[in-house]
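Chain IDs A, B, C and D follow the sequence of writing; residue 1 opens each chain.
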Amino acid sequence: MANERVLNVGVLGATGTVGQRFIVLLSSHPYMKIAGLGASERSKDKVYEVATRWKMQERMPDQVKGVVVKGCDPAEFVGCDLVFSGLDASVAGDVETAFLKAGIPVFSNAKNYRMDPKCPLVVPVVNSDHFKLIDEQRKIFDSGKGFVVTNSNCSTSGLVVALKALQDSFGPISKVMVTTMQAISGAGYPGVPSLDILDNIVPLIGGEEPKMEEEVLKILGGVNQNATSFLPLNDIKVSATCNRVPVVDGHTECVSVEFAGEAPSIEKVKEAFESYRCEAQDLGCPSAPDKVIYVATDVDRPQPRLDRDAGKGMAVTIGRIRECPVFHVKFTLLVHNTVLGAAGASILNAELAQKKNYL
Amino acid sequence: MANERVLNVGVLGATGTVGQRFIVLLSSHPYMKIAGLGASERSKDKVYEVATRWKMQERMPDQVKGVVVKGCDPAEFVGCDLVFSGLDASVAGDVETAFLKAGIPVFSNAKNYRMDPKCPLVVPVVNSDHFKLIDEQRKIFDSGKGFVVTNSNCSTSGLVVALKALQDSFGPISKVMVTTMQAISGAGYPGVPSLDILDNIVPLIGGEEPKMEEEVLKILGGVNQNATSFLPLNDIKVSATCNRVPVVDGHTECVSVEFAGEAPSIEKVKEAFESYRCEAQDLGCPSAPDKVIYVATDVDRPQPRLDRDAGKGMAVTIGRIRECPVFHVKFTLLVHNTVLGAAGASILNAELAQKKNYL
Amino acid sequence: MANERVLNVGVLGATGTVGQRFIVLLSSHPYMKIAGLGASERSKDKVYEVATRWKMQERMPDQVKGVVVKGCDPAEFVGCDLVFSGLDASVAGDVETAFLKAGIPVFSNAKNYRMDPKCPLVVPVVNSDHFKLIDEQRKIFDSGKGFVVTNSNCSTSGLVVALKALQDSFGPISKVMVTTMQAISGAGYPGVPSLDILDNIVPLIGGEEPKMEEEVLKILGGVNQNATSFLPLNDIKVSATCNRVPVVDGHTECVSVEFAGEAPSIEKVKEAFESYRCEAQDLGCPSAPDKVIYVATDVDRPQPRLDRDAGKGMAVTIGRIRECPVFHVKFTLLVHNTVLGAAGASILNAELAQKKNYL
Amino acid sequence: MANERVLNVGVLGATGTVGQRFIVLLSSHPYMKIAGLGASERSKDKVYEVATRWKMQERMPDQVKGVVVKGCDPAEFVGCDLVFSGLDASVAGDVETAFLKAGIPVFSNAKNYRMDPKCPLVVPVVNSDHFKLIDEQRKIFDSGKGFVVTNSNCSTSGLVVALKALQDSFGPISKVMVTTMQAISGAGYPGVPSLDILDNIVPLIGGEEPKMEEEVLKILGGVNQNATSFLPLNDIKVSATCNRVPVVDGHTECVSVEFAGEAPSIEKVKEAFESYRCEAQDLGCPSAPDKVIYVATDVDRPQPRLDRDAGKGMAVTIGRIRECPVFHVKFTLLVHNTVLGAAGASILNAELAQKKNYL
């Protein structure tokens, strides 16, 4: 890692929960240096420690405590090599466009650009080949060095890791049925009222199901030959049901899969998961997990409290792999929703972008 | 109700959690009178209040506090018109057989007899016509007035209510995919260790998935013409995934359904649920709910804490009824696992048996 | 009860959590009839069912579903014999004053009037003799039939029940140390964010400790001879520490007490609790509990989930009564914070007011 | 650290929850090497990975997976420089005595030896001077190099840190009232049944209160001049009330303190906490925290989920420091019950013993 040049990075939405997770992860990053923190008008010009209700289990890093928070204006982030965006969807669209046009690469968690036909929607351990569209995006937006790469919805991120491993080994998937049990941290702060979730489940997460159902098609799909457009899958049907459960971190997903072709044996499925590798590992990105997928050996795993930190939150744990009486195979997976499902994915995307010379 | 004769009932497994629920429900029953409490050797001959670690939110009824606990021997329950069994599966088989042969009707929560080819497996709001097999059972076992009727697994009970309503209105169902989020009370006491479930989910409940997958076929199936055997469905495929979640009472189930025939509209599905009625209502059984199915009007319901007590725990609440991108329709249902899913079902089964003159 | 005249009652703050609890309790009241629902501008003129995010475990009573919500203006509650106020402290002061002056008796949960030198602060099972000040209050405010009676802070309510029983039996108390573990429902909805309370405790509840420390003095104190002012205790020191814990309903309080005089035996303390009675019982108020204090017989009780519904939430459960190595005696008590600690207290106060001819 | 000689250590009770915590902490220790794992007959001769239901959030270290578990017999630990004991109290007494007599130093979490008049009961950041008794202990037991040092009960450990800092700065303390809210991990596995703690509190932890009340006196007391006996405090009265709450890790304690002398200002109390240092820091023990006490800056801290990992679980966080209306000062503290409150304390005790040349 020592030979990487230092990257000066900004964090937009720095006082929110995704922003706080960015700061925790970046505070020990080998070559990224926090060079600016942006937030809303309410926090602007305040010292970070004062502006923020810190909610991470890790202590606030000393290096950001005294930083004066800026507005989310590209002019204030001129020296930055890139920005990470943990902005709320209500403002992310305009702000990210402004950074893009100002020539500053944006790695975003917001949903606004995800389905944009020229924007890579990248789960870094799955479809880093989608970065190829950056040139086209730059051309369309006439944005110089600027571009926007988004990562997926948190529950999508776990699902596509499993599906990609299966697709790579056994060919096209025709049907996916997934039921999620999602952690409260996915809703930010204050987020889910405790009266809604203590001794309770909320069987709806607004907008989550359509996101999963459409993001999967784009991420698992390809890029056309001259890298000017995406080729989403269209022969796969996905049905998602999303629930909020009283778990702090870690989304659990029960998945049933049917293949277009023949069903592989359960043993082959396990091997496909175990042996799955990604480009970020091969390129030596520091945030890439040692293993992308851990296959649980205990029959009653994965469990969010025990498995969410696998690979420092960048790996997916899969267990209960067995035949499905209706489809071909079913299993349960766990993904850390604020790491691989959010801030960690953005950071690994930025590492990939550097390795691939887009910065 | 005033014209029902008083029934003297025994409770087997009276000190356990299912037994405690029986006692709470029976303590205010209009015509059932607790005439005997049976438990294991450890509790035998002790006063109930002393023998029991009472775990119900309702206070222990005064009428049972001083009762001396008996062993689970039919000779000790001679005056009883029937017994309810909340026994553990490890002992239920032998004990229930002894009562059956001694001529004492048994209404059981245990799994032992459920798939017996001569034993009615009855969810009282679904398939009370299966009582017809009692005569055949009595003949086979030469048991005089004795018989065994079981109720289903707790998670099965909610599912079959929904499926029966759909099947009645729209004809045969071909495929069912169900993912459950089950309450800890389903595991009894001490049951699930808190370290396994606080801020956590356990994605396996031993033996639960096969139970659901096979009980559904029997319950939704019919009885042959001369009432000598059951005719389980065999054209329906069921795939169940069962999870334990940090909820005290109430199983939540996410269900996707495909019909053999054409898909009904969502509006028709709602009507089918709303208008579903059962024989126990028509016969005026006191434990039958006013409505068997409540269709939730709020988009984020059912929720276990808020909906489990619908119909005093004897009704099922269904919400999120919508098209499924893979099957025809999907929805989320909630059932109170210790009432309609356990003790309440047994009691309503006993009421039905009386109305139908099997006692 | 049959001979009580029907009371037409209004509920102010009807859409909030305290208001919802009022509605649940009133829906089965023998002689109170909901005659008007008041809420903020946002809800005004809407049908109650539409205006309200219903969060009670009990279903919304049919009788209120179609009621059009009014503003909190006395002119709109002209036919009411009294109003219950579940208003937020930010608006309660002005609104309650308006009703008072309009001649409409107010039974309030809000803190605004609690420490007013002419306003009775009444925990109905403790100090119903404080109603005597109503005449003086009417005189001061020139309010005709109007008056305001408040009930205490939810955590105060449990504490004073125990202390009153001790004071009645053993004379003045000199020191009280109390540490509370308070349920999330005490903070209303949305109230406590789930990220603050899942797998967590919040060791501060803003303003709660001073409330407990001063309300106790007023409630346990007396009234002067001509009933024109209160005589708060001033020889008792109270130290309160208040924590929020992941419990839905029911405040648990660990209390140590030192008497001015000699320490009674633990046996005598238990007897004092067991035998405690209140005026509301003697007057036959329908909401008065059969027993005011239940002394737990199990060594590990009271527990909020199991004991909060004692006496339909109007009784206090006390356990772990033992000698304190520092003070004289210590014990743990449990009070249902939204029943005896809030709406239930107001309703019983209204019943008392009627029996005592203040309505 | 590089200059410390490698210590070969054994872990007794290695399959239990305390044992698992030892293994996690030791797996990254700079100079301790796990050289043997001991457990009960049930686990003996099995491979560790098979014998253990692993319940830590950290993955099982590779180095122990294949280790064959031994019985808890000194003969099997001959090459070890010391053993850590996470044994259950029911067996710890005999086993630890055997190791002691076999000349193998024991660092124990069990309660058996804690109040032994010749056994140091050491919270390593508080009273490491008590190691002085080791020579006397060796003499009494004729144990060669063998000795037993225990650490305190988990809730005692946090309390004495705060009290020691106060005592050092302001002289003798006369009265302490403490109410704890203790995490479920303190009860081991399976430990607390989930039905007892979800949406609930258990107001009793068997034996915990007397432990706290007597251990404090020994730990805060001194050693006589020729180091042959302890001099427990006897002018301090401690009253402890212990509750189990639905928190995974981290004991919260609400403490009120009265000094024998004059009350210090709140500002001075904060300074005393902030500036507290211990011998383990000065000796450069690798497990000593950078700061022993963190004074929380936010008014609503410490919170278990956010603060338990302060100083990698070896520091205590104190907040809400304020005047007590009854005693002099009160505050709320948080201690990680399985680190500073258990395995971490033992390991730091062993580091201290080495630095002080007792190994």
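General remarks:
In this section, contacts are C-beta pairs under 8 Å (C-beta built on N, C-alpha and C of every residue); 3 or more make two chains touch, one makes a residue touch a chain.
Labels paired with UniProt names: A, B, C, D = Aspartate-semialdehyde dehydrogenase.
Being a predicted model, the structure only gives us computed values, none of them experimental.
Ranking B-C and B-D by contacting C-beta pairs places B-D first. If you average the CA atoms of chain C and of chain D, the two centres end up 43 Å from each other. Centroid to centroid, with C-alpha atoms defining each point, chain B and chain C lie 40 Å apart. The distance from the centre of chain B to the centre of chain D, with each centre set as the mean of the Cα atoms, comes to 48 Å. In chain D, the residues touching two or more other chains are 55, 196, 198-199, 246-248, 305-306. Chain contacts in this assembly form a complete graph, since each chain touches every other chain. Considering their complex, residues 17, 55, 184-185, 189-199, 246-248 of chain C touch chain A. If you check the complex, the residues on chain A that touch chain B are 175-177, 179, 181, 196, 198-204, 213, 237-239, 241, 243, 245-248, 252, 254, 256, 299-306, 319-320, 324-327, 330, 332. Residue ranges on chain D touching chain A, taken from their complex, read 55-59, 198-199, 248, 305-306, 309-310.
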